[in-house]
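Common to both upcoming complexes is subunit A, partnered first by subunit B, then by subunit C.
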Partner chain A sequence: MTQTTAERKTDTTAAGLGWAALRRRDNLVRFSVITALLLFTLFGLPQLLSLYYTDAMTQVAIYAIVALGLGMLVGRVGLYSLGQVAVLAIGAWAAARLLFATTQPFPVVVVEAGLVTMLLGTLIGLPALRLRGLYFALITLMLSGAITVVLATVNFPNGGRGFTGYDGALLHIPAIRRPSIAGTDAAYFRYAVVVAIIMFALVFAHIKTRPGRAWAAIRQSEPAALAAGINITFYKLWAFALASFITGVAGGLLASADRFLYSITFHPQDSITLLAVVLMGGVYSMYGAVIAALLNSLLPAALQDWGVSQDWLTILFGIGVLQVLTTAPAGIVDQFPKDMKKLGRLLWRLVRRPVTAAAPATPGAASASAAPSASGASRASRGGTT
Partner chain B sequence: MPSWSDFEPFIVSGLALGGVYALSGVGLVVLYRATGVLYLAFGAVGAMGALIAYSMIQAGTPGWVAWIACILFGGVLTLAYGMLFGPPLAGRDPLVKAVATLGLTLILFGVMDLLWSSSGGQARSITLPTDTGGFTVAQIQVTWTQVLSLGLGVLLTVGTGAFLQYTKLGTGMRAMANDRVITATLGVPVRRVEAAAWFGAGVLGGLAGLLLADLVALDATTLTFLVISSLAAALIARLRSIPVTFVAAIVIGLVHDLLTPITQLTDYRDMTPFVLAAIALLWVSRHGTVMTRSREEA
Partner chain C sequence: MIEVENLTVRYGGVTSLDGMSLVFEKGTCGLIGPNGAGKTTFFNVLSGFVRPVSGTVRAFGTDLLALPHFRRARWGVRRTFQTEQAIEELSVYDNVAMIDSPLRGAAARADVLAAIEFVGIDAPPLTRVGTLGAGQRRLVEVARAVAGKPRLILLDEPAAGLPGEETAHLAAVIKSIPSYSGALTILVDHDMSLVSAVCETTAVLDFGKLIASGPTASVLRDEHVMRAYLGTAEVL
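Up next, the complex of A and B:
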């Protein structure tokens, strides 16, 4: 008893970080399952998948980062951004321009793309963060619309000269280069997964430490957070900058994954779809971002493979948003295990029913109901087991 | 720099566009004041109504039946959404209510793409009989549709203002904008007033879809995002004032179309509503105190 409280104390002081947290059995199991899954994703998956699905899974890894950024903004800070795809486009643009213009190593370019996006995101965010709630969501929608218009006019770099790097008269368009160690699609998939892991770790480190607690306070109540001495604007801006940075990094990955970029790839409608899948996946958990990315990138690829129209997916996402907002605010990541548990209990009851009906009921239960019905008997048995 | 005569035709088209933005903007503001829902599916509803009207006309239905069907579709669908999802979300943050309407937008988007696939590449259009007639003012050709658009914008702004001011239902809506619970306590049939607001906004959505399909293009994506422009007008009015919505809508329509002849800016003219709304929002929030007073908007 004393040992568990002591453990819990070390757990809270370490704030879930560090090796002390691993001493708890739950965390240890969780850690090993995640490690095994990641190792399988890195080394087993590319061997099993066809080229088509390897590319789709690369997109999943990239969009997991985007979903993580948006999920963090929505779930941790309470900022609904309706323009994340425009942020992604900025990252992709910056990375493509740098990859054409310089011979810098790929990781450096990706980090630079992230920093450029962070800078622009912060510049946009600085005035936008004065607005709250609904108005913030709408201004991000407006700004993403404006960014989309600019990108459609400026175009993505295609190896041309000048600041924009676009040359409409170019006959041979060179592909955007990939890192030297990840030239093939399978290798690039691994590369993207590793980058995604680093980004998840970065966000995890934020959530478990001071900024994460500040964000939680802000989400609960801004006046209360202010009263507690939290600099609201600073921490909101921090969240926005962090989300912009990782989305910019994802944009850098996307530029090299697609190899050729077009402005129609980044439509404002995709920002809405992205918010839909992030809400469906679950914004209060980091696993939700992975589920969101699977919904966003793997499902459309699979549907195309099976010859089903993508429009069904759009409809499904619409229904999913309404369902999440009305009944299941924590999304699939929270709801699915609950539903499975309910289903399991239901099945368990179905299996147990003949047994309890045959065996004599406990005296208390028998006296309570003279003619025990099937449901009554099962209820009694459940009461006995728990 | 183009000469003045290059701008003249765009004044007329800009005013017409502004008129449509005004009537949809007014619809958005009234619905938001009465129910607290910012109806982001407004454009998608109008687009789907217009597509239904298009298909009906193709099938040989008389034009006026199709137009009424388009407008009614907007009203009925919006009313159905309001009745289904209004009550469970009534106590939630305005942001959540707005995001929920994005769910409806996605559903409509999927349905429209499924039923009226754009992959065929054939351009759809709706022509109203008012397109053919018209008159000339100072050598500018004006069609009756353009007159109708601006006229409806003005009429609905004035009409809605009068309706909110002088009728019992309008008073009920204004009361609910202040406080839903107190309004209910005072004996106003809250659900019925809300239903009226939903239906009215939907009718305006259908009407806007029909007019925009004629004035601009009949395309699901274009129409859905065009209504973001009227959202911009509503935002400039801080989702509150109907006259400001009207003025903002006309300005957005005019600026958008007047940029067309300027070659350096013509590609960027679609940014007009976004930029104007962003500037307006930042201007009203410059002291950081705006939009925090009312509980509903906090």
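Up next, the complex of A and C:
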């Protein structure tokens, strides 16, 4: 008996070490692919794109942050917020006000806008955190409507005086300033991408450590979370505060991207569209936020460029959400690779059949699924030796 | 050592614990009784989910009821649930590491890995729990219970629904919890063979009151206990 437990112990240690090593290699591949993609986005993409699409991609970078915040709320803590665009508007307002009123460096202003939004968003969210599901969604939708009304009255700062910084009689409205290193649209696109990367890293650091574990526990089982000593209200509030912070930072980026802000550009209904694209992209993965942002900001721009009516978007998003809710709860980011794998297996089988007609389908499928992992391993080991 | 005095819990008109008093010294102790006797309610009081109407609980000199529920894990209360509550989307490691442990950094990591190894989970620590079978998930919960310097471990029917050989493995694990962690372990289960195999002492609840306690073998032979379980009529 003692011997078997001892054997079992060494077994698990060995397996654990083996797996840890494997995971590290896997991470290395993933890390280099992501780095390559990001480098391309930063240095290759602005050269290839027209000014129109550069601006659209800047919006994608900004909305990726917003989608990340919302996806975190939905996927990690189960809070369906229908007020994220209002939170974004708060961030944009605070940043615009600070950019007009002070000569602080741009990054400082963006962080301050994030902090102001975090404070306001958390204060607003505090009573709402007692609610769940539909009720939380309704409360946030109403708050978002209220914020829109307030913004319509107060207006966005346009270089005027006073607390609101708005002067309706101004003839020459100054543009909201941009960081000195990012004056051109291409440079500002790079700037937005870098900020987005930092925000993704911030959220990633949360998900992989104690808060992430707490959020996962809360989402599945509040009793288990409580029994493990997780302060549920605190961690929910933390999720809300973090989501508000990064959305506020995105608001700051948006203020300088658009250069002129108008309250009519922040519709409560945009929050609903945002939730739809976030669900479609996938709320359990951070890549889902990027897909959501592409759907939210690049697709409308592309449709406009091609001369297709924007009404198709509403239809497309409606179908997309239905599809997600019924067949693919983890969104495109989870569904697409699975579909591709299935398609690949199907094609492989079609190719293989004439050669070994007698062979049953299963070995073909097995070798098909084994092939990518083998090539991945060899690629990784090559990467390790160089 | 845990001393419970005069503990009463009411849900509306239902009295779930009725002036219960008991003492568990150390090691692995059994807590048995028919359905509705108040065993899970007792656990809920200890882990802070339920506030008693009256009574005191002193555990290792601490007034447990004075601690807010989310602080009790840090103090050393651990529990598992009747329906297993391993978090599916997290890895085995993260499931155990989510406990509010007094340890930090490398010591905490080593402690978590030791707990996983102690319960003997057959999968690597970074496996997602959602891919494991029922028995392994139970072990994940037990690993979470023994990690992070526990003082009082509450196991609520850990063997429910497990096949024979997995129950045997679980019994061996539970039996060695006190020597592994030094925690006082309280086991609630309807499986008398498990209780008698694992627990040195056993207490019996019926209708929210303690009706017997002492060495397991003699408690199981006690006529009050027989009557509570088998329902022998008093009129005989």
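The rule is simple: the second predicted complex is superposed on the first by the 334 of 386 C-alpha atoms of A that agree within 3 Å, B and C clash if a C-alpha of one lies under 4 Å from a C-alpha of the other, contacts with A are read in each partner's own complex, and residues count from 1 in each chain.
The definition used in the following text is that a contact is a pair of C-beta atoms (placed from the backbone, for glycine too) under 8 Å apart; a residue touches a chain by one contact, two chains touch by 3 or more.
Note that the structure is a prediction, hence the values are computed from the model and not measured.
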| item | value |
| --- | --- |
| Subunit B versus subunit C as contact partner of A:S221, first or second or both or neither | second |
| First (subunit B), second (subunit C), both or neither touched by A:L343 | neither |
| Touched partner set for A:A276, first subunit B, second subunit C, both or neither | first |
| Dominant toucher of subunit A (residue count), subunit B or subunit C | B |
| Partner chain in contact with A:T314 - subunit B first, subunit C second, else both or neither | first |
| Partner chain(s) touched by A:A175 [first = subunit B, second = subunit C, both, neither] | neither |
| Partner chain(s) touched by A:I230 [first = subunit B, second = subunit C, both, neither] | second |
| Contact footprint of subunit B on subunit A as seen in their complex | 80, 127-128, 130-135, 137-139, 141-143, 145-146, 149-150, 152-153, 267-269, 272-273, 275-276, 279, 309-322, 325-326 |
| Subunit A residues within the subunit C interface of the complex | 1, 5, 8-9, 12-13, 15-16, 18-20, 23, 210, 212-214, 216-217, 220-221, 223-232, 284 |
| Residue numbers on subunit B that touch subunit A, as the complex places them | 38, 85, 88-89, 92-96, 98-100, 102-111, 113-114, 221, 224-225, 228, 231-232, 235, 267-268, 270-271, 273-275, 277-278, 281-282, 285-286, 288, 291-292, 297-298 |
| Of all residues in subunit C, those that touch subunit A in their complex | 47-49, 69-74, 77-79, 81, 85, 87-90, 94, 97-100, 113, 116-117, 120-127, 144, 172 |
